[in-house]
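Got some structures for you, see below.
One chain, subunit A, links the two complexes that follow: it is found with subunit B in the first and with subunit C in the second.
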Partner chain A sequence: MKRRKERIDRGIKARSEDIFALSSYREMFYLLVPRAIPVVGLLGVAPFLSPYWKEVFISTAVYALLAISWDLLISAGLVSLGQSLFYGIGSYVAGALNYYWGWSPLFTIPVATLVGGVLCTVMLLPVLRLRGIYFAMVTLVLPLMLMRLVEATRILGGTEGLTGLTPFPNPVTSFYIIQIALLIALFGFRRIIDSDYGLVIRGINDNDRSVMSAGINIYWYKTQILFLGASVGSFAGAFGTHVDMFAGMPGFALDYSLLPVASAVVGGMGTFAGPMIGAFILVPLSEVLRALGALRIVFYGLFLVVFIVALPEGIFPYMQRKYHQFERWVEIE
Partner chain B sequence: MNDLIPLLKTSGVSKSFGGVLAVASVSFELKEGELLGIIGPNGSGKTTLVNLVTGFVKPNSGRIEYRGKNITGWAPYKIVSLGIARTFQMVRPFYQLPAFKNLIVPLYSPRVKKLAGGKYGDRDAVALDLLEEVGFERDAHVSYKVAGSLPQGYLKRLELAKSMALRPDLVILDELFSGLSLAEVASIVPIIEKLRFQGKAIIMIEHRLKELFRIADRVMVLNYGKKIAEGSGKEVMEDKAVKNAYLGSETE
Partner chain C sequence: MLLGTLVYGFINSCILALVALGFNLTFGISGVANFAYGAIYIFSGFLTWILLNSLGLPYLLSVLISILCASCVGLAMYYLIIIRVKGLALSEVMATFGLGLAIMELFRYFDFVGFRYNLPVFFDGSVAIGDVYIDYQRLIIVLIAVGLTLWLYLFTHHTKIGLAFRAIAQDERTALTFGIDSDRIGALSMAFGAGLAAIAAIVILPLGTIAVEGGYEVLINALAVCIVGGLGSTVGILVASVLIGYAQTFTANYLEPHWMMLVSLIAIAVVLVVKPSGLFSHQKELEERI
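And then the complex of A and B:
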């Protein structure tokens, strides 16, 4: 006697994305609860953290933004191993504006978001036609190249970096700025990717020839997505720079490239919520493991391996499935 | 439109892939509303010719004109916006999406927007109508089923609907009938005839000669990248070069 797990969608009309969605409180809650979790989780729980964990929270949120930006790029088939490019450019643009001209963070961050987005897009434009690993290689190399360029030419403070930048007026401001940015990116990108525009984007990833033969200029759409992703990454960089009061070569460090990828893999690619959850697990975990000293990386790596083997689909798709479907065992011949 | 200028005209188009001549100096013309069949043994350059016309591959030499306009080497999306739509031999729909959502991508194209006077309208409704037009039964909710769960016959029709969504003047069907049963072919033929009735020109690449000859105005035969014969289905099949190409020559 063999048994098989049968999955049945919950019979709630809300799942049909119809107007019926609001026909009862039960269905309203069914729709609202998952969306309320990140809002309540970020805005509600975070203020009760200790000062140390608040700092961890802020850096976690920065990584989460980079992971969400990575996830947007992967939706269009752009594999980025260079999220640190976006972070570094954003941080240097904001840092330079503040250091040389004394602009306040109120202006440096929005300007760095846009200018950083444009700069990164222009830099990657020549390789936008490359797919998969070829694009990934270039994104991996670019930030490392820029890092050495800063070192060799001693521009923008060279190895010392730009120090003594204006911090946020108080920690609470920075705390809320990053939370709201994170929520906007999360819900905004989820909405974009669910729209018809997003369907075209996902189509480029799935089967670019089919999208091309539909009369759509896929390179123009890839450029738009690259700009969006790079802007979010640059925002994270500009924000991080003002929190650290420092812009320098560490902005191009490999951490900013690899942690977002690991977060997305642990959390579940292409869902935006997944990479965010991934970042909120991995970054604090790395802090907790500090107690282990040198063995930290070993346990960290072990955790990653166990996680990827046990839940290859990612945390978020797993939770989503459990929420939307009944499961039961049925006997088969 | 001027009757003297052909809808599509290629002159001496050649393409080689690393020493292999896939298409060798092929010239042909297609009039408005005509149905041209392209046949030939496997590897004779039929699909490459389609790729050349639709811009997926750039020719080494030769010239391709659409309504008298030189479109040689244009990007695929620009060629589509002129009104040339194609289907692919290997159907690759977006498997995890419902069938009708597959049509959102072509309906999103700038050409559709331009033809609709700058408005996209309700794409879902248009997509469902299009699927009904190619024979998706509306009552059975086939259009809402995930594309990955549909049988080959429906996937081919979906592919056809994708090209029709672009409201083209010229449709290029690359082996639409391959892998289909006789009954499925018989159910698709009226859709093609309807397209002709709407005045669209059609190029069909086909291995199913019997079905093709029944609807084609003219047939062109390719072998080793060269055009070896052209004419009605009957004329072509009596041609000696064609017999040799398909059956092998008697005198070596």
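And then the complex of A and C:
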């Protein structure tokens, strides 16, 4: 009996890329397993964590949301070095609504998501025409500017911030809210980018001039993507505020800008799953390294450098490639 | 009061110009936005302090060593990191930013915080202009800023390496056909930029203490001046530093010192919105930014 090796994905890929005509459960299984991992991982495994690691998990998920939002922006060629802008705005909107008017988290979070998204979009609207590092510079500067503004004008609690906000009714709710939000963002954004709409977005990233010459208003598309990304970031901020029961200047801190970028670089840009994996590696790692204090940021910095130089594609594309290269023995007829 | 503001505004402008020169040199020649610039500034400040106070070396020697070390860091950064991601603006920015962060936070980790970390002034004492007193150190800053600018002009116009710098900046491919190695020039431009950061640190830091936060501020100031003036344009740098320098001093004197940092941030935002290429940019076309 003669045998040869066969790549598993070839036939499945040809049949499943455009038309969904899978011929067996086995093939569906092949496609489904990688997509089921995050769902099972989040909803199935997470409840068994100890209370301490549950908290770590929540902050990891917040960073993962910011990283996914960063990844959406990069898909449209918008390089953001200031995810903390979204986080900070979201946390201040939710915090202010709760602090001054006593709204419950049930209302502040959706409102902060929308209002934060609109506010950030309006703030970045004038610089949407900029490309590459010039857009990056503005986004790096804006949160720092707002931080100074809060410090100088002493609005919204000034350097003290808004304290004593309403927490979630119980930890379980917050735990599941963030997981579901994360899954929606992950699969929703992947769906968007794979659609025809996403094709335009990716086109803007690859060559905006040619998209423009096709008669498409790229600034309108960029605005929409910016709003989506900013809303997700603001949601993370609003959520984080109610978990910490505090909204203040640390919301604009460099941590919230740097970690999502580092996660995306480590995990693989433009894949959405990559930044999530990156966040789930980096944040728990930094929690383990907490004893080292300021040295953590040193590690982030070096991580960023090492991955950019040594594995520029990131972990997720690497894993994806290996998964597609699985082979099996088949008989030669 | 007004005379004092004018004089100190001028000094502030010189400080800004001094800070921005190195960043601008690297970007103008090799196109690398060195986000580790603030870190190198702080690094050379602390290194000088260590050489002076822990090892007890003479002042001149430690200054020379730290300028040399900063240049070596720039050189090593180019050959170890930048050369692998050259041309990918995003990767360059993130790699240098990450490295800068690592350097600065390493100093924080080793507890380089406090008032005892300061560098000595060159000469003690002060001089009166009208009824405004200025210490010698600030005068020296002005002298060195003017001197360095002149020296850079002469260097880039009358030496072989300087001409090669400008050649690469103007047209890399044509420069290559003349046998100019663009990697060597890129590495040298990083080294020169880092060296200039070290000089700026040694001259400016005696005015206050050496603090890690200073690194971020230096980076933002350098970015502000370069963006307002137009990255890669030396005339633009000088005009922009005068503009921002006076704007900062006036806000500090007539509003509140808190607002001072906001000036450079607002300047960046406004210029990028209104005239993205900067006030005096001629090398870089608009297309690159919009």
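As a convention for this text, the second predicted complex is superposed on the first by the 286 of 333 C-alpha atoms of A that agree within 3 Å, B and C clash if a C-alpha of one lies under 4 Å from a C-alpha of the other, contacts with A are read in each partner's own complex, and residues count from 1 in each chain.
We take it that a contact is a pair of C-beta atoms (placed from the backbone, for glycine too) under 8 Å apart; a residue touches a chain by one contact, two chains touch by 3 or more.
In this text the structure is predicted, and so the values were computed from the model without any measurement.
Visitor: Taking the superposition as given, does A:R202 touch the first partner, subunit B, the second, subunit C, both, or neither?
Guide: Once the two structures are laid over each other on A, A:R202 reaches subunit B alone.
Visitor: Check whether A:R129 is in contact with subunit B, with subunit C, with both or with neither, and answer first, second, both or neither.
Guide: Only subunit C; A:R129 stays clear of subunit B.
Visitor: Once the structures are superposed on A, label A:V298 by its partner contacts, choosing first (subunit B), second (subunit C), both or neither.
Guide: Second partner only.
Visitor: Which chain, subunit B or subunit C, ends up touching more residues of subunit A in the combined arrangement?
Guide: Per-residue touch count on subunit A favours C.
Visitor: Based on the superposed arrangement, let me know which partner A:V211 touches: subunit B (first), subunit C (second), both, or neither?
Guide: The answer is first: A:V211 touches subunit B but not subunit C.
Visitor: Taking the superposition as given, does A:R328 touch the first partner, subunit B, the second, subunit C, both, or neither?
Guide: Neither subunit B nor subunit C is touched by A:R328.
Visitor: Once the complexes are superposed, what residues of subunit A are shared between the subunit B interface and the subunit C interface?
Guide: Shared contact residues on subunit A: none.
Visitor: In the complex formed with subunit B, which residues of subunit A make contact?
Guide: Those residues of subunit A that touch subunit B are 196-197, 199-200, 202-203, 206-207, 209-218.
Visitor: State the interface residues of subunit C toward subunit A in the complex, per the touch definition above.
Guide: 33, 80-81, 84-85, 89-91, 93-95, 97-103, 105-106, 108-109, 220, 223, 227, 256, 258-259, 261-262, 265-266, 268-269, 272-273, 276, 288-290
Visitor: Mind listing the subunit B positions that touch subunit A in their complex?
Guide: Listed in rising order, the residues are 54, 56, 75-77, 80-81, 85-86, 88, 92-94, 97, 101, 104-106, 108-112, 120, 123, 162-163, 165-166.
Visitor: Hey, which residues of subunit A end up touching subunit C in the complex?
Guide: On the subunit A side, the touching residues are 79, 81, 126-127, 129-134, 136-138, 141-142, 144-145, 148-149, 151-152, 258, 261-262, 265, 292-295, 297-305, 308-309, 312.
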